[in-house]
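Take a look at the structures below.
Two complexes come next, and they have one chain in common, chain A, joined by chain B in the first and chain C in the second.
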Partner chain A sequence: MATQTLPQTGRPDSEREELISGSEAIAIACSLADVDVITAYPIRPYDTVMQYVSKLKADGAFDCDFIVAESEHSQFEIVKHASAVGARTFCGSSGVGWFYAFEAITVTAGLRLPVVAMVGNRALDDPGAFGVEHNDAMAVRDLGWMLYWVGTAQEALDTALLAWRVAEDPRVFLPAAISCDGSFLTHSQAIVNVPTQEQVDQFLPQYDRGRLLLHPDNPITVAPQVNEDWLMEIRRQTDDAMRRTSDVIREAYDEFKQVFGRGDDSPFIEEYMTDDADIVLVGMGTLAMPVRVAVRRMREQGKKVGFLRVKFFRPFATEEIQEALSRCKAVGVIDRDYSYGSPSYGGVLFNEVRSALYDLDDRPLVQSFVAGLGGREVLVRDVEEMTQMVQDSIDSGKVKQVNTWIGVRE
Partner chain B sequence: MSTVAVEVVYRGIFQKTLARNIVRTIVFAARKEGKIGTAFGRYGDSPERNGIPAKQFAIVSDSPEELEENLAVYEAREVDVTINVDDTMCKGVESWAWYGLQPINALTKPGGTLIVTSRQTADALIEDIHQKDSAYNLAIVPASTSFSGLWVYKDDHTDVRILGALARVCPELVSLDSMLAALEDQGWGGLKLTSARNTHDRLATRPVEPGEGSEDEPFSFDLPGWKSMEEGLVIRGVEGGAGFRGSSLGEGYDPINSNAAGDTSYQPTRSAVFKKFSTRSMRPVINFDTCIKCTLCWLQCPDTCFDVTPDGLYDANMEACCGCAVCEAVCPVPDCITMVNEAEFNDNNSQWEHWTKDKDGYHKWMADLIQVQKEKDATRSHGYHSPGTYEAESEAEVALTGDDD
Partner chain C sequence: MTTMTQAPPQSVQDLPQVRGVKQIPVFEGFTSGHRTCQGCESALVMRLMIKAAGPRTIVVGSTGCMYVANTTYYSTPWVVPWMHTQLGSSGSAATGTAAGLASLMRKGKMQEEPINVIAFCGDGGGVDMGLSAISAALQHDEYNLLILCYDNESYANTDIQVSGSSPWGANSTFSPPGKVHRIMNHRWKKNTAPMLAAGHPDVRYIATACGSYGPDFTNKIRRALTIGGPTFIHSIDPCPKGWDYDPKYSHELGMLAVETGIWVQYEIVDGELILNGPSRAIARGIRPRKPVTEYLQRQGRFAHLTEEDLKFFQEKIDESWEKWWIAGIVPFGPQEES
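Presenting the complex of A and B:
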């Protein structure tokens, strides 16, 4: 049977439309970015990416070193080393598989190696569950990885291209993780515009590691033992690199929009009907889908509700988020994750957002919701219920109960 | 302003590619008319198991905003058309995830259509299909069950025939022309286009009235809340089994530790909330008169589906049987166990009880079924083994390993 591909839409040299999942979109991005080394180890839902990469390779459409390692730990070690010798790299995992690789994941950032990884978000076992939860990817938030939450299959493809561009920028040289919600992105096919090779070549330069290249012609040692006399300076360097990412991301995103002709106002956040909103809901990933639907419905009823989607979790766009939320009366942060024993027993994103708002002179109320854990569907009526609770806080002038679990059976 | 949703209910793995091709082509065809769509499998079915009922969806809208109302979900809330590509699933479907038993028409909208590939009559199918409160339509695409799965794609035109039928019953989704154009884009020309068009033109649809159909109550269950669950992710084991159908020897009888009155009957306790029998597309029919009580079916059944009767026979419990045909393969007595297409049966009643009460009636019933099955064997496409496979494999193994024993 012929491969199922949508017909070209008009211009032969233009983007082509495909009906693909977020995982397929990232596999295609790997091919367009001409990634040199890809490592894989199966775990659902990330494994769909390795299936599509293998298919592209088997079809002769993509040439790369594709290494199926014997564990996630080796998988991430291999790309780390490949990145050190100048190879463009890609790998990924999900849930506890991601955690099994953690020794390699932490050193990748410390060594300033621009590995790009996809995290197919999955609940951490036990209990075994394949559905989306954000705690897996979030575990790198303190380690010097850039961390992005994707909202659509199109954004998965676009973000992967952006990730190599930013990570491999010599001002940055930090790894990047692209988080894709399990099932709703990894296993759902949407219509995606696939750019041409010429567009991608124009946007994405070769990876050049320069003086840091591990090569016999450039004798260097990487990662000596340093102890207390060097370590703090090294941490400060990594911090400075992360501080530089914001400008590099902005610059790359502007160029992305020029080359590919699409993109939001900001690379860091998406604002939806926030301009005059009294209540702004905040969330990440495919939560945006039911939330935007709910916002439209509530707007029809005359309620001034908006939505802010956090795209880059690291770097966290403090100023943009302050600016966007300073205009509203109250904020409801919906977390698809949780941090046991955290301040106010809130979600991780909630505490980040609340902390970012602390410096504002006129702070909105901030409320935490935990919803959709383990991939439970977040329904429009759930969003309406959360919005009503935020409205109650506005009416009473204070947040009486900071954190609420939504959709949990008593 | 409209959204149209279609589901394809199929046998996991065996029909996976068929389902995928159908839902994807729906989105392609709708794209021809400027609509936008998504195609996805029910995540709870994944990773798929052989033969277990699974679902894929195509949802098509006029605008991205309308489509968004149907995204980030596992199942469409309701569908305009349900497509069932194996008529034995008309009895209802249970995923291996925790959904209970869903009637095949559970998501079909009032006034929507259920398309089934079948050689049965509409009346015979409706006997199996759970009744609904609202009217809907039943359309039959005359066909044997297609085996177009993950590993092998049997190009028997089921894909294009279904799509032709779909354009007929749901023109608001796409026109036949758009559907044919989408088929052509995929390299499906010539005879396949004719098949699609013929099915479109000849499709017979029958209205199904509210309350028409099987009155069986599909089993369901309540999920526990966080306060009522045991902590530590502990699930209590089910209690041990007891004598046949609750024991002939009354309460307190311990079938494992006692052998009272020589009754060694035994029935394992099975999950009340996860039954799996909708996986079955064939079931064993047992000739209790020729059974030599060798225990092989009871031992080898991967689902522990055989209940030991008080007279030492083995009754395949139809609430537990997945229809794998291992019993038929291992039974050393010719024609003692025969797999028969599930569509021939309308209940899960005990064959042994039937045989005990009315031996002559049972034999006639059994002989008729076996005769029907022999006629169908040419088109048999399911089950791990077809008759003779086990013997052939055994011989090959003996040849490989030697026959010293």
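Presenting the complex of A and C:
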């Protein structure tokens, strides 16, 4: 008889280092957070997280109801309802799968249910494409979901813990999506510090739905017909909750740093060599890797270039981004997404950043770059090329061509 | 190596079968506050459903009449906890609710007790859009749940549009009789309960029902909630607005649907088929089937049918009772030896 092998991951007694992918990091976060109901449906590249979760459950590393749904719509509906009866939940999707679940995703935020989902960012085919694009997760930007773009496997694990903590805070009660760049993060391994169960228990209280719990002891009616009589007030309440997230995130992040001993200055943005920079490039996700390398190289050549990584896309850290970018002469926003027919035919992040900067008395020039669509690699020399174009704008005193596609065959 | 077995089936409530109307509980879980139409049989189905299930029940309702007409903000008729779910997700709502409760109770995060989980859907939500989620829910034998499809044979909430559960030829706002095309709905009503029973042989209870037969309806809800695992009930609900008749005849039309054999009342319990009431009497030859015209001609939605149409309709019903392997229920059978 074969001896039972001990699970390799989950519920560690002491902090330890592991070589794992972003997907596996989030699966471990699920076990540490003692998630109650998890729903899966296959689509690349996010589904790797569910492969790890199912193995953790199979090995007895943690106890959850792991349900393989028959569609993404059901996947998100199941966790929505489990969350309404007080269960901590996790699910996820990618690309068109995320869109298949769109109705359920919409009402989850409308009902103020703190579902946490992973988006393995993927191009919206057709034509078929597995690679990363940010348009999938971004599609919910107006619906009341918190949206986070992680840059490393470590950040994926940490952000998942932060996500449950913030989403389940009664001041918030909003769902959160953790965006991980397909392949670059979902499938690439890196050294990750896995915290102990005690640390996680200290940081993450149990989910308490309170007076909104759907239970025979609390016989409420959830989501009645409100029509024009009340919908506007309810929309306003959701807006108030989203406005409160900033403080709750800051508070949780400070505590996170105390308990786990790591973290950046800000939970919302990461600044890299921006202090004295004339040009600041802005981007999200794993794009940070080639950009940081390029920034270092250009610094060696004496160019004053920095990089700002937007971590939280919702809530959008307007003031912090204003503060960080007010010091530079020009900004180049690199989008791994696109919005057809948008203002100046720019990327989504570009228009958000440009809008945030409008109120500054002394605005930097802002330029839009679309790069790396469908998972195409963004090279160091691409970043250098973008930086040169921003420099040209500074030299001529204005942005002649607002949007440029980088690395595209014309 | 130790074998991880599935969690033992959760306990169920003590909900005894009733004998006669007088034993139907006094408890009301669906009270005033709704604004369903006069004569709405689906409202009666809701009332009977929750009377049978009792107060320790969570009800989730997918979009449809029984959502929109029932739950106006500040005037909910539901005394039990109630939550809306999307049109196609009654199966997922039941699964999610049951899974959440099961997980929390197993892990000691919620006090253990058997809580009934019922998800209802109309024919649009159940027979059409939500079929795949219902099928998926019926595959999860670890959860106790009931999915109740209240079938008023159209998308009645959105102005009476034809559904996959509408009868052949029925006038609806998407199948109006016109100058060139008299019959716009050429589809025959989907045979939903047998499809689900055949496709999910491990499901312990699948039944058809009709609100005109109160004690039978109550018992079916209770059997579904106490047998263990996922269950499904399909009820036929006469709809004065959609079927176009005087609201006072709802009960009578429900009975006529059964007596003419257009609707068959039965339960499939642990793989055994049990016919109920008039359907059993018809199948045994104890009472004759009434002509289907007695049912059709009472409803304005069939007013445009010609003599020929009515004859075709009767032939189809006759065929289902005389040619099908199991009368009115299973249309196919083994090849006959020659």
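The criterion applied here is as follows: the second predicted complex is superposed on the first by the 396 of 410 C-alpha atoms of A that agree within 3 Å, B and C clash if a C-alpha of one lies under 4 Å from a C-alpha of the other, contacts with A are read in each partner's own complex, and residues count from 1 in each chain.
Convention: a contact is a pair of C-beta atoms (placed from the backbone, for glycine too) under 8 Å apart; a residue touches a chain by one contact, two chains touch by 3 or more.
Note that the structure is predicted; figures quoted are calculated from it, not measured.
Aligning the two structures on chain A places chain B and chain C side by side, free of any clash. Of the two partner chains placed around the shared chain by superposition, chain C is the only one that A:Val226 touches, whereas chain B remains out of contact. Of the two partner chains, neither chain B nor chain C is touched by A:Ser393. Contacts of A:Ile67 after superposition: chain C is touched, whereas chain B is not reached.
By the touch criterion defined above, A:Val85 lies against chain C but remains apart from chain B after alignment on the C-alpha atoms of chain A.
Superposition on the shared chain A places chain B and chain C such that, viewed from the Cα centre of chain A, they span 90 degrees in steps of 10.
With both structures placed on the common chain, the touch criterion links A:Thr108 to neither chain B nor chain C.
After overlaying the two complexes on the shared chain, residue contacts for A:Phe184 are found with chain B alone; chain C is out of touch. After overlaying the two complexes on the shared chain, residue contacts for A:Phe130 are found with chain B alone; chain C is out of touch. Of the two partner chains, chain B is the only one touched by A:Thr286; chain C is not. Set side by side, chain B and chain C differ in how many residues of chain A they touch, and the one touching more is C. Following the chain A superposition, chain B and chain C show a smallest Cα-Cα distance of 17 angstrom. Overlap of the chain B and chain C interfaces on chain A: residues 1-2, 4. The part of chain B that touches chain A in the complex is made up of residues 21, 24-25, 27-28, 31, 36-41, 43, 46-47, 65, 68-69, 71-74, 153, 155, 185-188, 223-227, 233. Interface residues of chain A, counted against chain B in their complex, comprise 1-2, 4-7, 17, 19, 44, 126-127, 130-131, 181-184, 187-191, 286-287, 289-290, 292-293, 296, 375, 377-378, 380, 408-410. Contact residues on chain C toward chain A in their complex (touch as defined above): 1-2, 4, 55-58, 60, 67-68, 71-74, 76, 78-86, 88-89, 91-97, 99-104, 106-107, 109-110, 115, 132-133, 135-136, 140. On the chain A side of its complex with chain C, the touching residues are 1-4, 34, 36-37, 58, 60, 63-65, 67, 69-71, 73-74, 77-87, 89, 103-104, 107, 206, 214-216, 218-227, 229-230.
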